[in-house]
Structures are given as C-alpha cells and as structure tokens.
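Next up, some structures in structure tokens.
Look for chain A in each of the two complexes below; its partner is chain B in the first and chain C in the second.
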Partner chain A sequence: MKSGRPKRGLAVNDLRVEFYTDDGIVKAVDGVDFTVDPGIRMGIVGESGSGKTTTALALMGMIEPPGKVVGGHAKLDELELLDLTEEQYRQHRLATVSYIPQGAMNSLNPVARIGTQILDGMTDHGHNLRGNEARDRVADLLTQVDLSPDVARMFPHELSGGMKQRACIAIAIALQPKLLIADEPTSALDVITQRRVMETLRKVQEEIGSSLILIGHDMGLMAQFVDEMMVMNNGRVVEQGKVRDIFARPSHSYTKLLIDSVPSLKRSERAQTGLNGNHAKAASEVPLLEFDAVGKTYSKGRTRIEALKPLTLRLDGDIPRVIAIVGQSGSGKTTMGSLALGFETASQGMVHFDGVDIGKMTNGASSKFRREVQAVFQDPYASYNPFYKVDHVLTVPLSKFKIARSRSEALGHMIQACESVGLDPAQTIHRYAHQMSGGQRQRLMVGRAIMLKPRLLVADEPVSMVDASLRSTILNNLAAMKAELGTSVLYITHDLATAYEIADFVLVLHKGQVVEAGRPETVIDDPQHPYTRLLVDSIPWPDPNRNWGTGGSIDEELKEVAAADLSAPTIIREQVAGFHLG
Partner chain B sequence: MAETYNQDNQKIVQDWGTSARRWRTLAAYLRRNPSLIVGTVLLFILAMIAIGGQFFIDYSDAQPLSNRPSRPPSEQYPLGTDKFGRNLLAILVYGTYLTGKVGLIAGALGVIIGAILGFLAGFYRGWVDTVISLVTDVLLTIPPLLVLVVIATNISGKLDTNQMAIIISLLAWRQPTRQIRAQVLIMREAGYVKTARLGGTSRMGIVFKELMPNLIPYLMASFVLTVATAMLASVGLEALGLGPQNEPTLGMTIYWVMLEGAFSTGLWWWWATPLIALIILFVGLYLVSVGLDELANPRTRRRGI
Partner chain C sequence: MRILRRVLLMVFIIWIAASINFLMPRLSDRNPVEEVIAASMGESGGTMEGFEEAVADFERRFGMDQPVWKQYLNSIYDALTFDLGMSISYFPDRVSTLVLQAAPWTLGIMLTTTLLAFVIGTPLGALTVWDRAPRWINVIVPIVMILAAIPFYLIGLILIYVFASRLNWLPTGKGYSSGMIPEWSWDFAGNVMTHALLPGLSILLASVGIWALSMRGMMVTVQGEDYMVFAKAKGLSGKRRFWRYGVRNAVAPQITALVLTLANVVTGAVLVERVFAYPGLGNLLYQAILVNDYYLIFGCVYMLVLTVGISLMFLDLVYPLIDPRIRADANG
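So, the complex of A and B:
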C-alpha cells in the first residue's frame, strides 16, 4: 500500500503557536522541530499545558482564536500543511491527516449508526459508496479494527468505551491517511481495554503504512507503543530520539522526572517504610475494620446485580497496612470502599469498625467513626462544595471534631495541612475549587486527610485524574501517612502498577469476587489466576524491553478469563501480619 | 484572569474569612454582572415610585370622580387624568404598588411551597417523590389562565388584591417544584456531600449548610421568575376584567383603557402610563433573572462578562 508515495513522511520545522490572552502572549508551542518517517510511530509526551495537543492541532489546521500559528513549516510529503486555506484543509483532513480524539464517547454522534458515521466522512471526500459496496467497505473497516460487522447497525450507546474508541479509529483510517494523530486515545479506559485499543491501533497503522503521532502523558504507554518520542515542556522540546535510547539514558531532568513518576518494577522504599512496626501499639483484641461475610446486591427492576459477593476480612490496625483493592470498573471495588465508609449498607453480613457494627452505631460511636475514617476520592473537583472556598473542607471537620477551638487555631491547622502536601497556604485557602488545578485540589484533599490523622483512609483512585508527575507525590503522601501517622489505607485502583508500589497486600477483584490475594510482589511477579495474569500483562511498563503481554494475544487471554470458574475459591498466596482474609 | 488578591498574599492569610473581605469580593463580582445591577436599579426605581409616591399622593386621587376627567398632562396633572377623573400619577403609584404586591405574594407563596415540595421529593425520593412528581406533572399540562379564569369568574366583583394573589399562587408552585427537585437530585449525589459527611456533618447540616447555599441562587432565580409569571397572570386576568373592580391595579387600568376606547379617543397618556410601568417592570425582572442565572453557576463567574 505504501507504493507510489514519496517516502518523505512528516517534517516539522520551527513550529510556533501563540495565544493572545489578557495576560499577554502565551507561547504554547515555541519552535518545535521533528520528523516522522512513513510507518513510524512517534510519541509526544508532556503534561497538561506542555503544548503537545496544540502541536497536533496546528498540524490539523485546527488552532482557533485567540491562538494563531505564527511561524514554521510542516511538510507532509510535498504538501505544506501550514499554507493550506481552510477549504483545502477540509479536504485533506481525514484523507491525508486524520485525528483520533481523546473521548470517543463525546466524538461520535449519538443519534447516528456507526456505519453511517463511517460513510459520512468518505462521502464528504468524494467517495460516494452505495448499497453493497458501502456495506462491504464498512464491514472491512470494522473487521480491521477488530469489531464485528454487525456494529455498523448499532448506535454509540450500545457500545462499550473500548468499542467506541475502536469505531473512531475505523472512521479515522477509512481513507487511508498518510498521518494519524491519536490524542490520548485511551485516557478514559482501564488498562485491559487500553491494551486492546492500542494493539488494534498498532495493527491498522502497520497495515495502512501511515505515520502515527501518539500524544500522551503516560511514559509506560509510550514505551510499549512508539518507536521514537519527544518530550515537551512549556512549549519546547526538551528531548527527542529513539524510545529505547531515551528510556536507557534520559538526559533531561524533566524526562527523568516523567519516567520516575511511573511505577516501575523497582519497588520503591515507600512500601517498606513503617513495615518494621514503629507504630505497632500493644496488639489490641479489637480489629480496626472487620468485614464479616459482607455482600452487596443491587436490585434494578427484577434483575439483581451482585456487586460484591460475601467477603470476610480483618484489618487489625495495630500494624498500619496499605491494602490495595484492584479491579476494573464494575468489579465491586468502589462498593467495598463505600461499605467501609458506611455510605452503603451491606445487603448481608456486618461491617465492624473498632468492634462496633457501623450499621447500628450510637451517636458517640458514629462521631468517633467519622473522625477516624477518612477518604480521598477520585474526582478532585466534585469533592468541593462550589458555594464555599476550599477552606470549607478543612474548617468543617476542624470544628465538628473539636480539633480547633478558635479561628486562629484553625488557621494554624490549615496552614499545616497545605504545607504537608507542598501547597502554598496563601495561594490556596482563599480560593474556590474551580480556581485551582486538578492536582492542587487532589493534594489539598490529601492534606485534609493528613490533618485529621485518621486511623483508616479509604483512597478511591486518588491518582487516576492527576498528571503523572503528581502521582508519585500523592502516593508518597499516602506512604508517609502510613509511616508517620500509623494510618491504614484501603487503596482502591484499577492500576496494579501503583498498587505494586505502595501496597503491603493486594486483593484482585473480578465481578464482585476476590480472585487472588497476596503480597504485591508475589501476585504481580507470578500471577496464578487468569484474570490477574491479564491485568498484569496489560500494565504498560515504562520499559521498552518488557513487552506488553509476554505471551499470546489479548483475545486468548480474555477467553481464558471468561472460561475461569467464578465459584472457585480465592487463590490466597499468603497472609501478612495485621491483615487476614477469609 | 485578573485576580486582585494575588498581590499581597500575606494579607490574604490574615484576611481569611473576615466580612470585609466578603464585601470586597461581592463588590468585585457585581461589577462583572451588569444585568443584575441594571435590573435591580429598574425595579428599585419602580419600588421608589410605588412606595415613596404614597407619601405625596393620596389614594383617593386614584378613585373615580376625584378629579376633572380626560385632562392631558399638565402642571396640575403631570400624567393627565382618565375618563373617570382619576389622576394617572396616582394610578402609577398605587397601581404599580398593587400589581407588585400581587406578584410578590403569589411568587413568595409559590416558591415556598415549591421549594418544600421539591426538596422533599428530591431528597427523600421513594413514594414521596412519586406522588409529588405525578401531581406536579399532571397540573403542568393544564393552562393556568383557564383555571384562573374559571375561579376568578366565580368570585369576581367582590375580589380584592390579596385574594387575587392567593388564586394565582394556587398554580404558581409547579415550576419551582420541578426546578428545585431537579437541582436537589443532582446535588445529593455530589462528591462534596460525601466530603461533608466525612467531616462529621449531620443530615440536617448537609441539607442546610451544603445543599441550601447552592440552592439559594436557584431559589432566587425561581422566585423572580415566579413573581414575573404571577404578575403576568394577574395582569392577564385583570385585562379580561376578572380582577378587583374597585382597585386601580395596572391590569385593571388596561381593562378600562380597552373598554373605554382610549386608543381611538386620543387619550394616549391613559394607556401610555400603565404600559410603560409594565414594560419597566418586566424588563427589570428579566434582567434580574438573567443576572441570577449567571450567579447560579459559579463556573461561569470567572469568565466575567
């Protein structure tokens, strides 16, 4: 398919994009040079605001005012992209340069069938297919992205997130473009779906022989997927080269920071700290948290969904532990957290905190429970009441739990809370949540938890919505809570890799059931259950030499998981002191 | 984004939570929301005329046969008099007052009933929600003027403005109920409700300290809208002649204008006065409601206008 094309690929020279704002000119892209040869996968890595998406939009001719391309060249084969008029551009988009957007769910038209949406773009570019011809072409494209041809007749809401993303890929490759730009195509998907989508994308890109630019912030994904990459920071390229070279010898400090922020096989000292039991109190008879055959069933009309199958566990609390609960969405992991927080009542069994059934607490016990069990949630925006400034989340518990008796005392605690997570109090406490970045908001929630010194912290996906470089800061804070305050943590996540880093014990949850449990190094280095194996194989390790899915394709592994006996007992690899499962 | 408080950070920490700071923030906000200000000023002017005017002009001037009839605007009668000998300046003062009173009473009753019903339905769900929603939805399909005409015809004549307000409020709670219920449904699931529970806030605390403050802009916007709707309904009923016959409300004035053919007899000051008062009234209400909409969504605040 490559024949007949001049083998030039994309060459970008001194690309400059500026935004004209009230505060002055922002140089979003400030002199960027790179080339992408045909058939090569190029990664652009950086955090939000680094200019990576702006670079892609400039190549697509989609920079909107107040932004403007102010200089540079971008040649795709013999075509100068930056000189095209809007109408010329319209004809080249999709046909020559094609874009795979970030949120597939928002990019598809909810009221049109997938087949129609694939044909729309083709018709617009003069490929007016009809009848059988059209149906065959759509079926071909869908097969190419590993979807059944029947998907053509479906509406977006009938597809899962991963399927929608693959339908978007089918639209993008329909006209066999020379350049594909994928902007964080899997950011909203869990690791297993991410691996499937990326494998599909790699396959079709190799089949049509186009160049590909992958934009993202996940170094692990880059290591697994691209051939070459460039690291952007503040609109400039700080490092570029072959992906193996960069991972082997990162030269720029920012690149090192990004690589280090991804959990890797090197188990950090975080998890080890506090293991020696510095905070071990005299072993108390009463466990901190106890699940006694706790199950949760939701009824929806006549169907009953078993979110969590009866589960028995005991967390003593005298030795602080980080227990990771790992699973995909729908596995019941968040239900487990809600049960521990008392936000949901168990359908069967009992949840005990400090020996008291949390369903039947007296006022005194209830207020002690609230004081000693805190949480950090996934969405750092929703956690703040928009009516109040962010100090509200700190002052309410300070006064309700009678920690501070005066305004100045409260202020002292608040300044401490901000400083414990590296926020400037003067820049923080008088703000509304919408005036802070997602990372700042999440750090303040962690600071709040530290300030309240709980005995148990439920951390529900605390890092899944923050930038990569902040992830390790937040995980460090959680580890410090365990080491310094003796807090036990229920760490709920879909990401085995971060669990590997900070957890003392891992529970792998699949369809409401713990399928495998043990120390993270045992579970992750040698998974026994097919589902655990699938999860482990789908981790995008930040190491180009460690292949995604060491053996077999993901489809075989998925079949194996489907075949696994759900009623089989949990594979318990070992127990650790202070936590007992079953 | 001009954030005035970034200049002196130290001061801000000391300043944390004081009322002086709150007033400064409020003043800064109002500068960015001109429709709220213009609307409030318009309504304030009307209120001054309606309330302040009563100290200078006697109510009897707004009664028939109190002055010489059909006089054009002059020094003695700045807005002229109508065919029955009523001073139109007095009608402006007392008519605006009476119409405003009807709207405010009906609007307040409607929003209070609506807020209570909406809150019950949204917060407690279950059968309470089913019953309230069903009744509201059924009543929403009935054109209010139809019901009001039926009721008002049966008791017109001896009607006064207070009874008028109560009749209108009979149907004024439907929209607020729906709006408040929808907001409560969204808010009760919000992450900050969880955060508040973790902070030891009681159930009542969550209702009044976490949810209510976020509802205040909606309640205010809903109130303004309900008042506008109630006034529109009252003016509509009165223009049909179904209002209080013996009180000079703006709507009744319109009715007499039409009945006596003021348009064809050249008494332009007779219809111009109530009309301009009504226009100012509704434009003011509209602007205030637009301004409150902006206030209701804090995320639009920083964009300014």
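So, the complex of A and C:
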C-alpha cells in the first residue's frame, strides 16, 4: 500500500448529467459533490426522479443517450472514472466498481444457470477458471452470500426473490471490487427477507472491505444500514452527513418530509376516525363477509401445498373495519384476498358475501357482488391496459353497473373520482397510463374504488410500490373511504408498520395459518408468537438507535419460528366489535 | 408420459385431418372417374360407346361403389397403414410412389432455404438494434426488408426473366435437364443444384427480411430487460452480451416461428413450384386438385399433416432445451 497519498476512496466533484428531451434539457444530476471513504457505507436517498439512480449509473459509466455526463470528476483512489474509454470502463465494471441491481427479480439471465452467470463475468475480466477451480470459486461465493453451493446448478426461475438478490450480490463481489453500488436492492422483498439480505450484504461488504453506496427511498432502511447519507431532490444534494446527525437534526424540510413519511409507531388519528361510527347502521342479521372454515390447497403433481388452513371469520359490515392481513410472500395472505374476491374457489368451506355463497351466485347476485366488492392491487403499472386511456378503468364500471345514464353524468363521476384522491381531472382523464407516474396511477385506482362506493375493498399491497411520501396520501384515502363511505377494508400487506397506522385489527399469517390476531397496538407493541416477533423486529425503523434484531440475531429468531408449533391455535389477543375471528 | 401424450395427440390430429380430407373432395359434384375416362376416350378418337360400363368398372376398382361409411373406414385404415391407394389421374401409379418421388424435391429445397433464411435473417435483425453493429447492417437490412414485402413468386418471375431468359445463365425451371437420367453422380448433382438455384434464391430473398423483422422486434423487447442492464454492469464483453444474453433470450419465439414455417413447407411450395415447374409436392398437389384426383390430393395433404404434426411434436420436445422455464413445468 502506498503511503503518503492520503486521498483514498471515492471522491465525486460537481457531477453533472443532462438528458436531452423534446421538452428541452433536463438536468438530472446538477452539480453533486460527495466522498465515500474506504469501508464506509453511504446512502443516497430521494424519491423517483431525484437523480439518485442517475448518479449511480454515471459512476458506472452507463448513462445512455439521450443522457450525457456533461461535467465533473469522479475519482476512485487514483482512477478518474469519467475519463475512461468505453472498453476501459468495461474492464473496471465488476473488477473495480460493481453494481447490485434494483429488481433482482429480472436481473438474472433467465436461460443461464447461476454458476454460469457468476463465471462469465469473471471470464470477461481475464479470470478464466475451469473445472474444479471454477466450481470451488462459485461455491465459495455462494456460501459467502448464505446460499447453498447447489444453487450454481439452478436457473433463476427456480429461486425465490431473496435468493435471486443474493445471487446478484455473489456476482457483484466475485472480483472483490473497491466500490459496490446497490440500487434499491430489496425494494421488491418483504421485510424479513429484506433484513436477511441486507445483513448478508453488510457482512460481505465488511469481509471484502469495499466502500458501498446504497440507493433507496426508504429512510428506515437507511437508518438501519448506512454510516453516512445524502438526500437528493431534483438532481441536487439537499443534505448530507452522518446518518445519526441527519436523523437527530434534519435541517432541510425535504429530509423532514421523507423521515415523517415513513410509517412509524406514531399512530395517526386516521385509524380512530369513524370507529364509533356515524356509519354504524343497525346491527344486521346478515354479515357482510363470512369465511366458514375456508381453506385452500393447491396441488402440483403429487405435492399438495396448503396455502390457507381452514379459517373462520365474520366481518359484520355494520361498523366499517380495516382488517390488516400481514405476512411474508407465501404466507397465504394473497390467497385469502383472492378467496374474498371470488377469484379463487375454496378447496373446503364456504365464503359468504351478504349471506350468499359466492361460489354459487346467480348472475344478478354476482353483478351486485362485483359492484359492492372492489379491489386495489399492488402493481400500479400492470393494472392498466396500455392500449386504452385511463378513462377506461372508470367508464367500464360506470356503464356496466349502469351508474351513469349519460355521458355528462359519467364525466361528473369521473371528475369526482379524480378529485377524491387529489388528482387534477384535467391532467388525468384522456391520458394514457404510461403518461402518469406510478403514484398517480395507484391513486386513480383508489379513486375508481371510491367512485363505486363499495361495501368491501380488498387492497393487496396498495402502497408497496409507490414513493414514501405518496404512501401516506393513499393510506389517507383508504381511511377516508372507511370514515365517509362506511367501506370495510381487507388490507393485505407484508408491512406491519403501515398496518399499524391504518388497521383496526391485524391478522398475522404464517404458512397459511393465522398465528396471532388482535388490535395492531397490542400485537406490535408486545408480540407473543415468535413469527410476529420476527416480523416486528424486521421493520426498518427510521431511527439509527433502534437496530434491527433488538430481540437477538435473525438466525436465532428464525430458529424459534421454525420450532413453533404450527398446529397450535391462533393467539387471539382480543376481539373488536364488528369483526369476529374463529 | 409426456412423449406418449404428444404421440396420442398427433394420432388424433392425423385422424381429424384424414376425415376432413375424405369429406372435402366429395362435397364437389364433379366425378373425376367420368372426366378422366371421357378425356381418354376423346383423345383416342373413339365413340362414347361402353362409357357407362367403363365408369362402373373403374368405380368398382377404386371402391367408390361401396357405401360412404365403408369408404370412410377404408380411407382411415389405409391412412394408418400408409397405403394411399392408386392415383386416378396417373393410373396405375400408386399415390405413395408419386408422393415419395416428389417429397425429396420439395423438402430438399424448402428445408434448405428456410433454414438458411432463418440463420441469416435472425442475426441480421438482432444486429439492427445493437449499438456496436457494423455499418453495413444499416445498408443491407432495409434492402432485405423491402424484398420481404414482395411475394416470392414475383421475385421468382423476375429472377427467371433476368438470369434465365435474358442472361441465359441458369435454366428456367424443372428439377433437372430433360436429357439427364437421375443417378448418383457429380454431373447429375450439379445439374440439380443449378436448377434449384433460382427457386431457392427467390424464397431466400423473400424470407430473410421477415426473419430479420421479427427478430428485431424481440430484440428490442429483450434490450429493455433488467438482465441486459445488469449484464452491462457486470462488464461483460459486447460479444457475450449480444449472443448469450440478448440473442439467446430473443430467439425462443423465433424458433417457434421456424418450426411452424417448416411445418408448412409443402403448401408454401405450391406457388414457387408452379412458377419453376419444379417436380415437388406442391406441383403434384396442384395437378391433383385440377383433375379432382381424390387419392392423390389426400396423399399430398397427408404428407402436409404429417410434417405439421411431426414439427409440432419436435417443437414440444426441444422447447424445454431452449427455455429452462418450460422444463420446470414439464417436470411438475
């Protein structure tokens, strides 16, 4: 190691990236300065469009036309990154600067085995390993990211989301780069998997001693993971410093907004509104939604997977309730939503809506059911047909359910729908889905549901793909539906923290079984079941002093969960009026 | 298990095809036996005396005096045993002989040109959306795409005009020169090649652009995938990104299209074989339809059904090798 040259690590000076669009020049990154010392974890936070990903791509030399790096310096040790030719850059990617992609779901080549995908990157940097040597190296890397060496033989579609993300990390660290850039590496994962992947990432980063840049919009994750951070807005850095200082004393209003938008245990008044209910109708005999020992089993070949174990519950509907169904992917929470929507037929038991078995509905009853039960799904991109204007999602139900008799009446409803979720009708109607942002699309979906004044709304991860600041807007809309329209909501999520904010009652689902249920404050403040404890411990609190796993290491907690008796009855902490479990 | 299912499916397809083929010509009110006999009597300059008996005699020989259901069962049984009966128009040649004589001509020229067009067109199309592609791509691809818009028989006619009629370099048609005797010799092989050149070229010119166009579309989609971005971030060489990540993923639907095209070589050949008077299945089928030769029509169409069935079975069996995601479904 050369001494006397004190400046090591990454030093970025006045970085500028511009995009040349039809509407003029967009300054995506507008004079950004920062340094990352060796071994330091640096966070870049901002919402979509803030320039955080563009900054990372500029460091990777991967700005594509119409974008261009127009100025600045980026020195990594003695190497000026921005002066490299394309071929030199190619040599340094992976070897010197390595990238862990966003959306690991699709970042692996679907037709190549994981082992091949680890080795090909090494081969193209002159590390041509063969036979046993290659196999051992791949096995080492996979072990390092806590995967079994057998994964080398597998294809991406055979891996879960968390495993794919680990495989991407294994690829990225193969040549022990000086700088790792992780771009929202866990945005598609549930909280437990997120915590495990981030712990693995921290471990390997410390082992190879590289610097790391974590890009994201989740302040909670930043608080848990990075040493220093900078907040970006509109291509500029608005605040930077040690993570503890920023959380303790956020100086910029935008930083405060980001911190406040993270769901935290400051339970808002939202959930309380309408509790005692202007809408409490006379207690009716017929419950709104009833699960009578409903179970769902999928069989694939000879293996049978019990997605949902027999579950009995009753949602009266006379007092509107928000019932949160919380669990990891594969816990059966989405199956439960699909059963309530009648998209899946129960393998056993019966689902009743308004006293009618939804498996045996007449056409008239089915039409009424479709109108009174609405859904909002996770992916605000996939919910729209790209060939239609967004009006289509509004006009179809209006004409199908004969709500509007004339065009002008329909337009009135549409304008109301937009306004109810704070969208400008003139800026929304007559647009195509791709012309709107993800948050706008999701809000319009909620607006559509409001327009139909349903009695039951099934919301499946409605906020997991939108920016943090929009999250609270959408949750407010849901709360307003309950308070003003008397709509009951099945809120399906992996995120206990948002459930805490909005729900009247929480069901914790684990392997198709409700393991714990009760009011959110009871369940989250004092979890009884080991699985609930693990979920609560995995919430990335926006507080550097409140670390992940205060209840112990994740491995111990996982062991405890594995040891828990799955046939044990649900731990029911209490009941609330209007909803009955069991 | 899976293979058995495929084979059963194919038998079912063949049965349906055989049934339809039995029915279709019989819906026409023309009587081929009468037509052929009348024609031959007319040629020999004789009277129409004994016409009725001759027709009855022939109908008995072909089994056409039997009840329809019996004719149907016979035709199905014959189809399964590959006994396709005698041709009416080429009597007494057997249909199987005629079909087997014609098949190698069609399969030879069509398979070769289709595969060549695929092998040339696919990488060309992929290169059009590749940033490091050589310059000449931007010249050649528009040309092949314009050619793709012209029907291949029209290209064939132009080729005949230029190379056969005007320049006199190549023969205008037929499978081989009329003086030659088919045999295994260099002479004869060379002669066949020169005759195949123009029809082959016309198909090739017309279809390279189609492959290029569809590959281009797939490649654009693949280029937007996250794994292409990650491949670049991995610092992979351009060559590896192009072939192993780009083309490898974009080519799967191309393979499906290739197999479907191969399945239709027999029908695809009709026009081109007519233009070049090529002695293949397409020409044979055309002749048979002109004179309502049931048995010969069935023989040709039967070949068609077999190629379609076998191609699709082949596709089902090889597709898992192309796309590992299908493999998982097949095992499950």
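One rule holds for everything that comes next: the second predicted complex is superposed on the first by the 529 of 582 C-alpha atoms of A that agree within 3 Å, B and C clash if a C-alpha of one lies under 4 Å from a C-alpha of the other, contacts with A are read in each partner's own complex, and residues count from 1 in each chain.
The rule is simple: contacts are C-beta pairs under 8 Å (C-beta built on N, C-alpha and C of every residue); 3 or more make two chains touch, one makes a residue touch a chain.
Small disclaimer: the values here were computed from a predicted structure and weren't measured.
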Partner chain(s) touched by A:Leu94 [first = chain B, second = chain C, both, neither]: second
First (chain B), second (chain C), both or neither touched by A:Phe401: first
First (chain B), second (chain C), both or neither touched by A:Asp120: second
Partner chain in contact with A:Cys168 - chain B first, chain C second, else both or neither: second
Contacts of A:Asp227 with chain B and chain C, given as first, second, both or neither: neither
Partner chain(s) touched by A:His157 [first = chain B, second = chain C, both, neither]: second
Partner chain in contact with A:Asp245 - chain B first, chain C second, else both or neither: neither
Complex contact set, residues of chain A against chain C: 60, 62, 89-95, 98-99, 101-103, 105-112, 120-121, 124-125, 155, 157-158, 168, 171, 300-301
Of chain A, residues touching chain B in the complex: 22-23, 341, 343, 367, 370-371, 373-375, 377, 379, 381-388, 391, 393, 396-397, 400-401, 407, 411, 415, 424-427, 429-430, 432, 434-435, 445
Residues of chain C defined as touching chain A within the complex: 225-227, 229-237, 240, 244-245, 248-249, 322-325, 328, 332
Complex interface listing, chain B residues touching chain A: 1-3, 5-6, 9-10, 12-13, 15-17, 21, 190-192, 194-201, 210, 213-214, 298-299, 302
